Amino acid sequence: MTDFFAGISPVTYAPDAPVDQLVYRHYNADEMVMGKRMEDHLRFAVAWWHSFAWPGGDPFGGQTFERPWFGDTMDLARLKADVAFEMFALLGQPYFCWHDADIRPEDDSFAASKRNFEEIIDYIGTKMEAQGTKLLWGTANLFSHRRFMSGAATNPDPEVFAWSAATVKNCMDATHKLKGENYVLWGGREGYETLLNTDLKRERAQAGRFLQMAVEYKHKIGFKGAILIEPKPQEPTKHQYDYDVCTVYGFLKEFGLENEVQMNIEQGHAILAGHSFEHELAMASALGIFGSIDMNRNDYQSGWDTDQFPNNVPEVALAYYEVLKAGGFSTGGTNFDAKLRRQSLDPLDLIAAHVGAMDICARGLKAAAAMIADGGLEAARDARYIGWDDPRARDWLADGTLEQIETAVCEGGIDPEPRSGQQEILENYINRFV
Amino acid sequence: MTDFFAGISPVTYAPDAPVDQLVYRHYNADEMVMGKRMEDHLRFAVAWWHSFAWPGGDPFGGQTFERPWFGDTMDLARLKADVAFEMFALLGQPYFCWHDADIRPEDDSFAASKRNFEEIIDYIGTKMEAQGTKLLWGTANLFSHRRFMSGAATNPDPEVFAWSAATVKNCMDATHKLKGENYVLWGGREGYETLLNTDLKRERAQAGRFLQMAVEYKHKIGFKGAILIEPKPQEPTKHQYDYDVCTVYGFLKEFGLENEVQMNIEQGHAILAGHSFEHELAMASALGIFGSIDMNRNDYQSGWDTDQFPNNVPEVALAYYEVLKAGGFSTGGTNFDAKLRRQSLDPLDLIAAHVGAMDICARGLKAAAAMIADGGLEAARDARYIGWDDPRARDWLADGTLEQIETAVCEGGIDPEPRSGQQEILENYINRFV
Amino acid sequence: MTDFFAGISPVTYAPDAPVDQLVYRHYNADEMVMGKRMEDHLRFAVAWWHSFAWPGGDPFGGQTFERPWFGDTMDLARLKADVAFEMFALLGQPYFCWHDADIRPEDDSFAASKRNFEEIIDYIGTKMEAQGTKLLWGTANLFSHRRFMSGAATNPDPEVFAWSAATVKNCMDATHKLKGENYVLWGGREGYETLLNTDLKRERAQAGRFLQMAVEYKHKIGFKGAILIEPKPQEPTKHQYDYDVCTVYGFLKEFGLENEVQMNIEQGHAILAGHSFEHELAMASALGIFGSIDMNRNDYQSGWDTDQFPNNVPEVALAYYEVLKAGGFSTGGTNFDAKLRRQSLDPLDLIAAHVGAMDICARGLKAAAAMIADGGLEAARDARYIGWDDPRARDWLADGTLEQIETAVCEGGIDPEPRSGQQEILENYINRFV
Amino acid sequence: MTDFFAGISPVTYAPDAPVDQLVYRHYNADEMVMGKRMEDHLRFAVAWWHSFAWPGGDPFGGQTFERPWFGDTMDLARLKADVAFEMFALLGQPYFCWHDADIRPEDDSFAASKRNFEEIIDYIGTKMEAQGTKLLWGTANLFSHRRFMSGAATNPDPEVFAWSAATVKNCMDATHKLKGENYVLWGGREGYETLLNTDLKRERAQAGRFLQMAVEYKHKIGFKGAILIEPKPQEPTKHQYDYDVCTVYGFLKEFGLENEVQMNIEQGHAILAGHSFEHELAMASALGIFGSIDMNRNDYQSGWDTDQFPNNVPEVALAYYEVLKAGGFSTGGTNFDAKLRRQSLDPLDLIAAHVGAMDICARGLKAAAAMIADGGLEAARDARYIGWDDPRARDWLADGTLEQIETAVCEGGIDPEPRSGQQEILENYINRFV
């Protein structure tokens, strides 16, 4: 045992604890919600990068966190893993996630970095087995190192494409080895800084082929998890190709991958793209590509990705309502791609942030489940579209023509009368559950 | 002749006229640019709605314009047409565009409104023939009347779907009759105010079928022009399904229409969606769905659609650079979906706004053509991707696998070295032409 | 009695009513919170303009509401007042607000409009006395009519300045007569569309003198209520001079009015200016100019003023926390400057929207009061600044010089060590109360 | 001589050079514009931090630049200064700017860092004398080190306040010693991350006293340059107290400093605050606090501070139009607080970026001067306000009362008729000069 979390006890469910105690007040892993354990609904994951690798910098200032494991040696990488699993034990969440760059030191060649990676994967694997914490997903960091400054799969230099492909292979292998349930691609540099030096068509083709190779490799090695793409509109690039759910859908259709790849949707990225989180969830569900979520919010008044822990129950409830309507998670889960504020220096902050977030999600899930059970929202929605049950309307949709319909309208009997959309009444309804 | 533009003479090309004269200083219809007349490159169109139908209101105030043709009679509709063609004669632009609602008074039934519409179409047709001004595109206003408050094709009420389909049929017929070169659909209410009362999947299906019917009808009547969709992310709705070019592309792929429908791209809509105008143009071109443009800007500090006449040459030059790279317009053109500021009350403002805009576009076009001729930008871009000419790189892209590539990387020889993206140098280059 | 609200009963407090009943579940006027009746804390007001005068239009569509009182006659103005007071009776809220233009038809001269206004003021006064509903504030609409298109007090035309001054005088007289508790100025057109035709310095001077005249007149007639300015950054103008609380504070200081004028702060306007609502409230309180609130939200994904009823308890709780910390309302209150969505056509929507909003505010108030009572947030804040209790620190602040302090630092003993800001822990704390 | 810029020759004015040569095509230092040398108008300055200290990182990636002077020794600091002055010699711009942290390595105590600082200041002073390059302004970096994470002057910990005060003293001393023409304060961390742990009132008081001390010290040491505050609304903080020009004006009034402190206005910061650059310039001029500019743009589609070199002539022309109308710079100048894109790795990129920017500014200045000379814009503006020359209107403004004016309006003769604001005509006018 390290002493990083000295003095902090495992977090237990204690709904009636005094206000200043660090307990779960709402998250109760074994409590049944809609016939399933809460833990199995929410499938919480801790992100290695923000929780253990991020130093607390921002564009105007450097490191604020002073973690004993910061540095580039294998010993420190193991220390980091030790502390991580100690945190998992304190929180009791079932999953975690990593990039390769979070867990192993980069070395002076691809092969040497690979050796570091494989060694630490084994180290983590042993800990997973001992402790029971599972891997929600693995992913490759193809954006931090300067070699990726102009993109990974979409780089003008094919050597970077190759480096990236090789990295993804190794990360997929490691994910598979650790029985990870998904493999994620976030194309942080797959975009452009300026159109002036960019060939959009060529870069899309590169990205499409890259994704096809990943899918082919998944099948080859027998990886049963989902391949997930995480949309984001911009930042760090001026424009990122995986802008939002609908953009990625078009991309998948173009490259014949819409049945092979699903979405990992983040609240903060939705906001940056001009959407609500629930919009992106509902849209992915409507398109049949919903996969998993990153449950971290952006500040509504900041124009960049603030990656904060969730704290607004009504918003979170609407998100889980869409998740439940989509049938809940299968391989996906609730990852916190959230970082502490850079002033939150203490180990306690790290624990408390996750506890608060898990409680918020639990409240959101329970409210969403109650709404599903009540059925009021779906009943109102169904009533609104009731006209489409009419046989004539069904015919129009099935095989009508403009001419037939125009004749019907002209000959009378059709003069539509607006009906209330009842938005405020439905908003009130939601508020009875949150 | 009406006296609306009394005292204003036809606008001529006079590059050296004194600063206070109302002339074209850059737009010279017959001047050859890249082997084509400037008029044939730019294909300017005046929008009937903003120029003749918009009363000058905004969300906090009513009508400011006092036009003698405002009102709901056929006589006033003809007067409006008379003034419109007088303006076309003053400006000398080759095209115009309309919605049905701009040109005819709504009557008390669908059939009666249709009669008004057909009568005014004939009236306009006669004037077109006499004067030589052509129709760039027609379109249906499926958003202003209260019957469309919850959508047109995507309305929960199939009667509104029917009304909309019938309207599109008649507008397509009229466009065909007037030899219009395109037919446009802008789905101003095809979206939602709140997800709480919305079935996204159902509404997408309605929109998809609706568009298929329009395409089927086009072929049936032998209309040779393009069907264009105009993307916009929001406003008036909270979310509009035709969010941006990539979103519409996915939608077209879903409904098998990507070879049937093209994009009408507006600068202001691009901005609202978080893109630059040139991004949307380049993307449409890369996806093979570029069609036409609405050349009107939004204020960068306003979060709504301000629809202002263009006034920034460097920006306009980048737009036409993409147009030229896409091969120039075929059926498309440059429409000004631009409204006067509501304080610009005078007939002279209406003329001057168009003259200024046409000159800005002419400057942009000439700068773009000069850059194409110089070739410096394309040469720099080609050089940046030169590595992909390497046979090994081509093989990777054609049929490589992650394993093969990983082996190549691991076995050495691949350690990519970043090269400058030269953004500032390329920006300087542009500024030598604008 | 009109039959507009036929079938709707007065809304009562019934916390345990079934989910589909229209009752107050949280708002209980007589319940004591921090030693004061809930009604006296919240001081709810209904806005005449949005609830009774707004026709449901938006920039892309016209009227959707069909109210029997729409029109320009005095009879209809009285009918509108009758319905308004019927709604007040159903809701039981203690206050309402108006613009002159909401309540009387404009006539063909200033004098004639004034006569209409005075007559309807008397009519409303009689109803107020009979029913007990009070006037929170009156205000003048100096933005809708085309004469105000270039501003009111800041118009380039002094005749508009005069018209506006005369209007404000009459509205202040009427507010005084009806025992209104505040008088509000929102300068919707006090700004500019383009700097190119604007003299900022001159327009600020006009606005400053105008406000001084209003303050002078208040004292002259013995009006004891507060003069309130409502900041908004833009819309309808490109830039509005009363941008936000800090901007208005500088303006008040410039014209010597910081002790005479307070702020009416709206959530939606705060958002448009890039602030959270609680920021604007806390800032006004810190500057000693807090007055009243408009409790209506904007959609976070829309770039314009959506004026929606509040529906997010955690946000509303933070707002009332600032209100309570500022000592609560004195003359101010909670006005709903909120409009129904334009699809919400039914009388029931109008009632339900207000009921939902009042319940949300009641929940927010109770949560805020509980946090005040618990004291945890203030204790944490005090602890954070504890170093400033040190005498040396106090001296630095009182009359230190850079040299003295530099000497102290150089000579050692000062090497500050960062301490956690505990943001997540404080956010968790809030969530125990909402 | 280092060999960093090997192969790059001093940049000369050669307007007709071939398109691919690195020359000034518009900036001609000695050319007379409005009776003053162009160099004396523009007063260009290079920023040490972005050009020599910034490593090319962003929130998702680390260092891309590999400069031979990166590191923390005094030898490397001298090498950095050598290269900087070599760049100044190549560019020939008259000024530069620094933060203390840009030019000296931080050491292990305040006193030791001070010794480093003083030594490098002397080193730079010698080079300045030899080469003739002057200091536009100095400033202190009170935001990068972790000790400033919760603010500098506004820190909850008075020891950080002290450290900051001591640092400012030393930076003011150094600026004075080097005959700097201004001293700038940018309060990057003077704001908050969350209101929950912040005492706005107390922090404002700290900031006010801090600024007073700086002003007192300026007078004490006989520094004749201007004290400049650089407004920015947010980033890195959620909210920065120096939000925009109007906010700072109110702050200066509160602490009695409006005649002692001026504004250093940055285009990118104006954009983040929701303003155009020319708005902030015109507002500062109207309030009598205009000082200097940071001429670097933000990307309009990015919500963070991109700090790019200027490249849009029409925008830059409007900015210099306001500068010229304000009488031009006195102590202020044109600083490029602009960083290369992180992909622009080459020494040539650094030179070319500045050359392009200086040329853009020269074009903007010449266009602005031509508009001033023509006088058309000012004439139109004067005509718009002509009504205020009327004696009755002057009286209203001087000492009118609401009653007098209401009587005048009621008794007739006043019924204002709107006049066109001519925005498009004025925009066309501008485009004749750019």
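So that you can tell them apart, the chains are marked A, B, C and D in the order they are listed, and the count of residues begins at 1 in each.
By definition in this document, a contact is a pair of C-beta atoms (placed from the backbone, for glycine too) under 8 Å apart; a residue touches a chain by one contact, two chains touch by 3 or more.
Labels paired with UniProt names: A, B, C, D = Xylose isomerase.
Owing to the predicted nature of the structure, the values given are computational and were not obtained by experimental measurement.
Among the remaining chains, those touching chain A and also chain D are B, C. Here B-C and C-D were compared by C-beta pairs in contact; the pair with more is C-D.
Between the Cα centres of chain C and chain D there is a gap of 36 Å. Chain B and chain C have CA centres that are 40 Å apart.
For chain D, the set of residues touching two or more other chains reads 64, 146, 149-150, 193-194, 234, 239, 274-276, 301, 341, 343, 418-419, 421-423, 427, 429-430.
Of all residues in chain B, those touching chain A in their complex are 109-111, 114, 146-147, 149-150, 155-163, 165-166, 168-170, 172, 193-202, 204-206, 209, 213-214, 216-217, 220, 233-234, 239, 243-244, 246-247, 249-251, 253-254, 273-276, 278-279, 282-283, 285-287, 318, 377, 380-381, 384-385, 387-388, 390, 392-393, 396-397, 400-403, 405-406, 408-410, 412, 414-419, 421-423, 426-427, 430. Listing the residues of chain A that touch chain D in their complex gives 56, 58-64, 143-146, 148-150, 188-189, 193-194, 234-236, 238-239, 272, 299, 301-305, 341-343.
Of all residues in chain B, those touching chain D in their complex are 19-20, 25, 64, 271, 274-276, 300-301, 309, 311-315, 340-341, 343-346, 348-349, 352-353, 355-356, 359-360, 374, 376, 418-425, 427-432, 434.
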